[in-house]
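Same chain, two partners: chain A is paired with chain B first, then with chain C.
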Partner chain A sequence: MAAPATRTPRSRSRAARLLPVLGVVPFLAYLAVFLVVPTLTVVVGAFVEDGRPSLAVVRDLADPAVLGSLANSLVLSALTAVIGGVVGALLAYAVVTGPADGALRRLVTSVCGVLAQFGGVTLAFAFIATLGISGVVSVWLDATFGTGLTSSTWLFSLRGLVLVYAYFQIPLMVIVFLPALDGVRVQWREAAENLGASTWQYWRLVGLPLLAPAFLGSLLLLFANAFAAYATAAALVSQGNPIIPLWIRSALTSEVVLGHANFAYALALEMVLVVALVMTGYSLLVRRTARWLG
Partner chain B sequence: MSARSPRRAARTRLQVFRVVVLVLTGAFFVVPLLSMLDFSTRLFNADGRTGAAWALLVADPLLRGAIGTSLLLSLLTVVGMLVLLVPTLVWVRLRVPRLGRAVEFLCLLPLTVPPLVIIVGLTNVTAWLSYLFGDTATWLAFLYVVLVLPYAYRALDAGLAAIDVVTLAEAARSLGAGWLTVIVRVVVPNIRTALVSASFISIALVLGEYTFASLLNFDTLQVAIALQSKSNAQESVAASLASILVAALLLVGLSFVSGRRRTGRGAVAAGVAPVPAGTAPPVPEEPR
Partner chain C sequence: MNRIRTTIAAAALAGLVLAGAGCAPPAAEPSADAAAAATATSAEALGGMDALVAAAKAEGRLNVIALPPDWANYGEIIKAFGTKYGIEVNSAQPDAASQEEINAATQLKGTDRAPDVFDLGQSVALANTAMFAPYQVATFDSIPTAFKDPSGTWVNDYGGFMSIGYDSAKVPAITSVEDLLKPELKGKVALNGDPTQAGAAFSGVVMASVANGGSADDIKPGVEFFSRLSDAGNFLPVDPTAATIESGQTPVVIDWDYTNAAVTSKLSSWKVVVPENAQVGGYYYQAVSKDAPHPAAARLWQEFLYSDEGQNLYLGGGARPVRADAMQEAGTLDADAYAKLPEVSGDPVLLTAEQNTAAAAVLSEEWAKVTG
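Presenting the complex of A and B:
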């Protein structure tokens, strides 16, 4: 966009030109205090020990227990991204093949909009009421199939988290992937059919290659979403730190994790790095997607 | 091939696929919600139903206090968000459009920085806030404004893009209006839907927020639900279902409000979706 500042008469002083910028200062100051400074605090604090620069805190990230939960976090995020991505893409395709402004499509997009926001404590309790020790479905499954769910704590383990995270990952996938599916033109399909392509050939040679960047981008987004999630796991898992966010909880609530006050900073830095890496990949893929499916 | 054309066979296969996918995913999303209803009204040592857990939602002092706190926080967050964002966005459009990209970037930044990281880095700021305002949950609203920023920004930005702010402002200015009059009496009435959308999504997010409040030890709604589960699981499930329903009502209401003006596809997603399709990064937040 051309800045109107270039049209400013030369007679006006530099001060007069800078004056309008002052209108944005309260906003910038607010974000500096509540967003930029905290983020910088984390980055700097991870390299400080007892007021002196040090690598000791960051080195503690190599602790086997911490590395283990980092691995768990990565696996959990990747797994739920793939599950949410595949199921969400199928659901989005089921919706997109219907009428473009039909009731079904409106319903699914509205519901997904709500459910993608839905997480945390309430989601944890939804699954406790369903598959917990006295959950409705576990009681029924035990009585009908003798599964033994009512005496198992699997819901509160990593496997349980995979299932629970799917509940917000699938709707998110529908929301972010639907526009890409909308970008696929009917004419491409017709052209392929006129050239004698079968359904399978169309998908393998045209449809999937076109959708691949959008799909991969959505997977990265889902990955970051799961990696950054905290409240659901915090409400569900009360013992141990199977994933990184729960390590951060311990570091914040107990005074002496590994004897370092700044350990929470190091863990948070680790989280920022992973998310930043993933989001960079995402924005690159989005740019690529826009070429065909914009 | 026989009498049935391959094209019709393909269409039948597609219909079967659609029904199967919709039924299965539908069940996955509906079963936990129905289970909550069943669980919260079940009598555990006899047959029949009870509304006791639901009655407790208003009777229980902890929960009642927490609902009050969360509602107050939503109100304060909405006010703070509007006061911070509306004048800034209008001003940027009118006077300093070259800062538009920077403001957008900052507004969407909280999506890329996990809330957990923000809270870790905020320890110094929260120490100051509790020193200045005392040990009350109300100053959480300062932090929540940042949390709702990306969603509110998108709603307000879409609203402003739909009207010609510059022309409206020039007309008002040439008739002698001051900048405050331009914002309050010209721009605001024209973006009413966007203001409602931004407020609804902010309320929904604040009512569902757990991370900040629990790590700072304030009894907001979600924290109280988690605490209450230790003594009365049915009550906390009832409270969870109730808060889901309230949030769903707000967000569905939002999709109607934002869908009415710009009907057609994408209207709903534009209001609620965490990510703008096609634009640069940022992730969702979610109150997870």
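Presenting the complex of A and C:
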């Protein structure tokens, strides 16, 4: 119906509209291979037993020992998120009050960048060598104060995990919380002071309400980070499955209790659900902050 | 040493599988010889030992998995086999668990990196016999009937007894399971693995059970013992390895006598006892993979393991070779090494497949209470 003269620009514009879509294809393929396929595998696997659809595997999640691990996982993640969140936020605030290109800021951000990634087996071994049964610090504390650390197994229990997780949670908090603190304009404070507000009033009525969503969002990110951490715990805890990721390990590799591979899927599904809930909360909160701290 | 170092192994396996799915070359087209080797149930069926050796050399490679160098002398065994036949032995994931051997075989099936042979714990072996190719080694008749499948689908290769190893320089002498409760051992008693996962640790619980009035049919007293050990603060939840033992982190270790004995050469104050009132034995299971990418080399490996030479090599690592009795009669057993094995009197406890399954079920319910 259209004349040849008008056809050329229109098809060019169609190509122009297609190009950005093509650019997204690698990303979509990446998502499909590393997110969609594994998730579907987990969902399907959780409802299969002996090759037949079944709810039996999911029902095993109600086992008291598994529920106990889930509770531990939640407590561990929440606790280290709060510890990391509070300490990290204070540290980030200290950095922000200094000059924007000062030595302190450069030092803290680069150190945090490294430490936030310093997890896994390396971190676990670092702690074992320091605070473990024959750790350098434990031996010294024992000799000096008689603490009994060298015959204590606390590092290999939930308490130990809290300490070790806090080690990478705090720097991560600094990294994710700094941009939010940077977004707080000096002018807002000046405006508040011009209107006669005290420091306390400024924080209570302006600063904290502004930062609260970003803070809570960071907490949720930390929570998810700890909830999914595996290697650190696996290297530390070799007896029992105090947290869910370790249950997955034992379901996959047990040479004593066999045929549990599908139970690993069910446990993974349980984790996916918890993390999905957390991340939904996170994205809702971030949307709220974005309105203020653009 | 411990066969359940899953952290690294699992990650490595995941990597292998991802990489393998895309770019692993398929196994070489089987030649007529290889096809014959893949179904051969004995060396004779292939035209004798020489033909088997020739076919194996032509393949040139052997994939083994989950064989720690300091476990039952596997380091030496692999070296000896490679040198003798000029075959390159590719030892993957030395610290993997039995179940991971099976997982690897399933996931790598059809590639030339799939394991050729298995060395498995009882439960895993008996649950996966469909993956094994029946093969009878030349010395098949001298293996006691109780320790082999009649067709050679699996054959026990070596065994040992549950033992307590301890550093006599750090802790007082230990002679019985009950001694582990002593207050001097606070935070010092380690079990090699989680008994719901690792066969050696599982047998450790059986040992504790037998010592506390239980039996092969009733392992609850063993679980209760470990609860008491845990309540006393003596139970150390650390996976012992040669490194943790040498550095003094795990001064007392419950493990197979041969793995405990392997430490003695590195740590002279290390002592190994098999408790007199709790002698629990266990044998590992050897099998050829039905889908072995190097079927002739796999079969030659079996021949080597069950030859006098191979069996004596196990013995050199403190493990009890399955043909020990026959070899002792024939005078081919390494008498010096045999004399070093712990004395075992009376009837040691060996779990049947049924008892094993029942005990595993109890353990999976009860063990979580011990570790809290």
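The rule we apply is simple: the second predicted complex is superposed on the first by the 252 of 294 C-alpha atoms of A that agree within 3 Å, B and C clash if a C-alpha of one lies under 4 Å from a C-alpha of the other, contacts with A are read in each partner's own complex, and residues count from 1 in each chain.
We adopt the following convention: a residue touches a chain if its C-beta (ideal position, glycine included) is under 8 Å from a C-beta of that chain, and two chains touch if they have at least 3 such contacts.
Predicted model, so just to flag it, every value in this text is computed and none were measured.
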Partner chain in contact with A:Ser157 - chain B first, chain C second, else both or neither: second
Partner chain in contact with A:Thr253 - chain B first, chain C second, else both or neither: both
Which of chain B and chain C A:Val272 touches, first, second, both or neither: first
Which of chain B and chain C A:Leu211 touches, first, second, both or neither: neither
Which of chain B and chain C A:Leu76 touches, first, second, both or neither: neither
Per-residue touch tally on chain A - higher for chain B or for chain C: B
Partner chain(s) touched by A:Gly68 [first = chain B, second = chain C, both, neither]: second
Contact residues of chain A, present in both the chain B and the chain C interface: 121, 128, 134, 231, 234-235, 249, 252-253
Touching residues on chain B, where the partner in the complex is chain A: 10, 14, 17-18, 21-22, 25, 28-29, 31-36, 38-40, 42, 44, 84-85, 87-88, 91-92, 95-100, 103, 106, 109-110, 112-125, 142-143, 145-146, 204-205, 208-211, 214-215, 222-223, 225-226, 229, 233, 236-237, 240-241, 243-244, 247-248, 251-252, 255, 259, 264-266, 268-269, 271-275, 277-288
Chain C-touching residues of chain A, taken from the complex the two chains share: 64-65, 68, 121, 128, 132-134, 150-153, 156-157, 231, 234-235, 237-242, 249-250, 252-259
Complex contacts: residues of chain A adjacent to chain B: 1, 3-5, 20-21, 23-24, 26-28, 30-31, 33-35, 37-42, 45, 87, 90-91, 93-94, 97-98, 100-101, 104-106, 109-111, 113-123, 125-130, 134-137, 166-168, 170-172, 175-176, 178-180, 182, 199, 221, 224-225, 227-232, 234-235, 245, 248-249, 252-253, 264-265, 267-268, 271-272, 275-276, 279-280, 282-283, 286, 289-290, 294
Partner chain A, residues of chain C touching it in the complex: 3-4, 6-8, 10-11, 97-100, 103, 120-121, 123-124, 127, 186-188, 191, 193-199, 202, 233, 235-239, 247-250, 360-361, 363-364, 367-372
